[in-house]
Amino acid sequence: MDIYHPSQDHLTGMEISFGGDVGRSMKGGQNYLVMETEAQGFAQWVPYPGQLYLQAFSHLASGANMVEYWHWHSIHNSAETYWKGLLSHDFEPNPTYEEAKTIGADFDRLSARLINLKKKNDVAILFSNEALTGFNSFSFGWGSRESYNDILRSLYDALYKINVGVDFVDPTSSNLDNYKLIVVPALYAAPDSLLTRLNRFVKNGGHVLYTFKTAFSDQNVKVHTAVQPAIINEACGISYNQFTTPEHVGLKDDPFHVGKDNTVNTFMELITPKTAKVLAYYDHPVWGKYAAITQNNYGKGLATYIGCLTSEAINEKVIENVVKAAGLWGTDQELKYPLVAKSGVNQYGKNIRYYFNYSASPSSFIYPHKAGKELLSNTEISGKSKIDIGAWGVKIVEEK
Amino acid sequence: MDIYHPSQDHLTGMEISFGGDVGRSMKGGQNYLVMETEAQGFAQWVPYPGQLYLQAFSHLASGANMVEYWHWHSIHNSAETYWKGLLSHDFEPNPTYEEAKTIGADFDRLSARLINLKKKNDVAILFSNEALTGFNSFSFGWGSRESYNDILRSLYDALYKINVGVDFVDPTSSNLDNYKLIVVPALYAAPDSLLTRLNRFVKNGGHVLYTFKTAFSDQNVKVHTAVQPAIINEACGISYNQFTTPEHVGLKDDPFHVGKDNTVNTFMELITPKTAKVLAYYDHPVWGKYAAITQNNYGKGLATYIGCLTSEAINEKVIENVVKAAGLWGTDQELKYPLVAKSGVNQYGKNIRYYFNYSASPSSFIYPHKAGKELLSNTEISGKSKIDIGAWGVKIVEEK
Amino acid sequence: MDIYHPSQDHLTGMEISFGGDVGRSMKGGQNYLVMETEAQGFAQWVPYPGQLYLQAFSHLASGANMVEYWHWHSIHNSAETYWKGLLSHDFEPNPTYEEAKTIGADFDRLSARLINLKKKNDVAILFSNEALTGFNSFSFGWGSRESYNDILRSLYDALYKINVGVDFVDPTSSNLDNYKLIVVPALYAAPDSLLTRLNRFVKNGGHVLYTFKTAFSDQNVKVHTAVQPAIINEACGISYNQFTTPEHVGLKDDPFHVGKDNTVNTFMELITPKTAKVLAYYDHPVWGKYAAITQNNYGKGLATYIGCLTSEAINEKVIENVVKAAGLWGTDQELKYPLVAKSGVNQYGKNIRYYFNYSASPSSFIYPHKAGKELLSNTEISGKSKIDIGAWGVKIVEEK
């Protein structure tokens, strides 16, 4: 795959993680090759010291077995003249190239312990190309520019920020039962069979987080003629048949304690709970009687439903809620972005613990896992020890 | 006709009134049918409680004999999937549908007293499709986006806000003499015969309010080769041959007492009065010697000329001035928007008095007309009695 | 040539001066005819009193031998209906026309002393249509909208504001040695021969001011494969092989004392000085070790290099620096914009000194040259005398 992303002060690692999780999942959990990623790239992408190194090991932490740059040297003609390679047009060493050399040396030294990383995740995001195409044909109405991927990414990013590893599944996946929590953004177009399967997943003890616009139409983008959200209303314990555009709308009594971020925007479904518990009502003189976010016990499982676009802060609180409810809150979740934790099992059967500091400020953290060796510095790490991590820094612990 | 308009916090009734006045006038004062108007409509149009009812009776108050929604139920495929009907896609009752049922019931009960409403207005707006096409070809110059209808609506809306009922006339109308005041926005392209007729209308005792850009070109959009405004300069007692774009321009000494709204924008003619009284000069170091708004006695009538785009507040003050000068200021003009008054004569020859509260705040007013019966509540109303009117409320009095 | 420009509060004279300098230079220093310039023009161009007169004599001061208006009378049909002439559509006198009459009368009276003005400038701007086409194909990267002429104008305008007369030269010009200072904006595409010639110009004692992006590619827009800036790095004593997009970047320690204008935007080269003196470093946590603006003695001359887009204020300070370094700072440079000074030699061999007040505020200045006669008022002027100049005023002294 090719992965390009913002850099400098805007480098987050999210696109590296997202691209890797999608690619790995599409290969059924196998490792993948990064065929292209940015070297110097565009003028606004020239990496700060440490960033190219951080990016390279972030690819490995998501399961990449190779990192290849576009391209070796900058080209001297044509449209991609300013899509710059490791070398500038002058073929001379430069800071980006010098850093790439250290990446190569460390890959050479450590690859045996780092490649073929196997990852086992308890959380999956259910994506659908039919839903993407269907939703994007309408978005939230004429003139609306939000896309399916904006909604999906808002949930993915919230999981990334609390270090919850995810796989991706799609309507053809037969492995839903491998997961404890499935996140379902805007599954606008879906066959009844998939929705029924998701109901059964919950009934059998699974957790699902849905957003608005899920189950609105069938796989042919024909809107359901029954109560919304179609079929999954059974697991969600809610219904709605009207939706509107929020103006000056928040969540009543700021239930997630997010202060000025207590906002709803762009789209809101006017939800009536049946059996669901209401996590948040709208705060609005007319729409205040409707639910915005609900949660429902169904069978042995739990179905959570977000009925509106919210601020990033609210999204993150809801994600935290469902991760905790699914019993998936661990020590790595206490380390919050910009400290990023990734893990997997290497080809020797050892746990590999990656820690990344996606920030220009040096930081430190209490290493929460079993004792091991920090591979880059080749130093022993005991459990519960403090690890210092520099600006845009990387630490890799192989557990004993 | 079809009438669609903003809703929720942006509902004003102006488009309903405007569409109705145009349609009724185009039919020579006959009643008309609303073939389409919004039910739930787009997400941002879902009506607040009371709004659908308010809208329906507002159509009747302008002379509609029917209100039909687009459409009965929301459609399940294609481009208008989100142009929602009275019923949502689920065919189940919903708040909009429930409110529509009350409209149907009240129409059924009261139609005999409400349909075939006859309206007699003393004010007409002269519109012209030739002027629209001609003006819009140039607007105020390259890059300018203002359109003829923006100018026409700014005057219409100001009349609406003080409850002055209007008809529309056009260059083919032979009934100008039925009116006491004719408002003429940007009559950019007009034959000499029409301008001469308007001069005669004033000379014979009529009142006319003109704006800038009137009479600039003939009916073939050929600019006049004589002093501007062509021909009507005689009735207006002014001339100009330069115009410019205001920057930091207001009206000298804030003659209309509108404070921060004392602004001129986009376009200004540099007017020299001949016999006209100057209602406002420009406030600008260079253009301050020119008149912005003038008024001239001509024969037995009065011609007022607005030479520039002004704020809404100034517009409303000028409209108030000309309505008063024409002797048309009555008790309904004391009830200002968001209280809207409409009236007409029903098929029993009785005066029907509509009062609408285009606001989310309940209000009250002293009913200024003869005693009668409030039809919706079937209660007697005496003259000068206080009437309470709820949020988005409607009252209809049939005079005795 | 045709010269159109902003007017009213936005009138600066820059476009008149720029157009004149380009046109005169393209004719090898001969005088030129202004075939079209604005009379009333668009609505936003209607001249304030005095402006048309000021503009007319500004054309002469740059070497025009004629000023002709588009057009005599405003036209009554078609696309240019609102491109207004000296007369409005009514063919009647108006303030613009009345002022044009005074211009004609003064041209008639004074032409013999004013036409055929010869100008001798020590500063040239090197422009290149190849560089323009090459640079504009890429600008600063996809999505960037800055053009070659924006960069050229920023330097031209800074020279204009300190009354430094300039000629224009291009890659075919054989007269570079006539100049003491050559300003070279964004000479993106250039043959090696031109760059070598510029090196030789400096070596022989000339001064050059370069900006970023100069010498990046050859005349076929093939990027050089050697160190940047190619070839001229020898005279400039610098090199770079990375460049980026500034965010929150200024110049370290505000070296030009411009306060809040101490900003860098859009593009910055990461320059390493070899022999050059650094006039300014970047102020940024990562890029702070790189130079932004440098100056290098090379042979008997001096090469200054601006590596980034800066504020107008910084640009003006750098221009002031290089003008002073070239020994070109004179008494007219102490009169700063909006007081504009232009000069030349008339056909009687006398120095003509123009002074323009491009401002709505009357001003005064100490006339810094030899005694002469102010031609418009026909009054004697002694050296060092105070001259009052009105809003948008003109003074013309013919030295004795």
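Going in written order, the chains are labelled A, B and C, and every chain counts its residues from 1.
Definition applied: contacts are C-beta pairs under 8 Å (C-beta built on N, C-alpha and C of every residue); 3 or more make two chains touch, one makes a residue touch a chain.
Source: prediction; values computed, not measured.
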Homomeric contact chain A-chain C: same or different residue positions, threshold half:
different
Hey, what angle do you get rotating chain A onto chain B on C-alpha, to the nearest 5 degrees?
120
Rounded to the nearest Å, the gap separating the Cα centres of chain A and chain C is 53
Flagged in chain A as touching 2+ other chains are none
Please output the residues of chain A touching chain B within their complex, sorted ascending.
138, 140-142, 217, 221-228, 241-245, 247, 267, 285-286
Under the definition above, what is the set of chain B residues touching chain A in their complex?
8-9, 40, 42-44, 46, 48-49, 74, 76-77, 81-82, 88-92, 94-96, 360
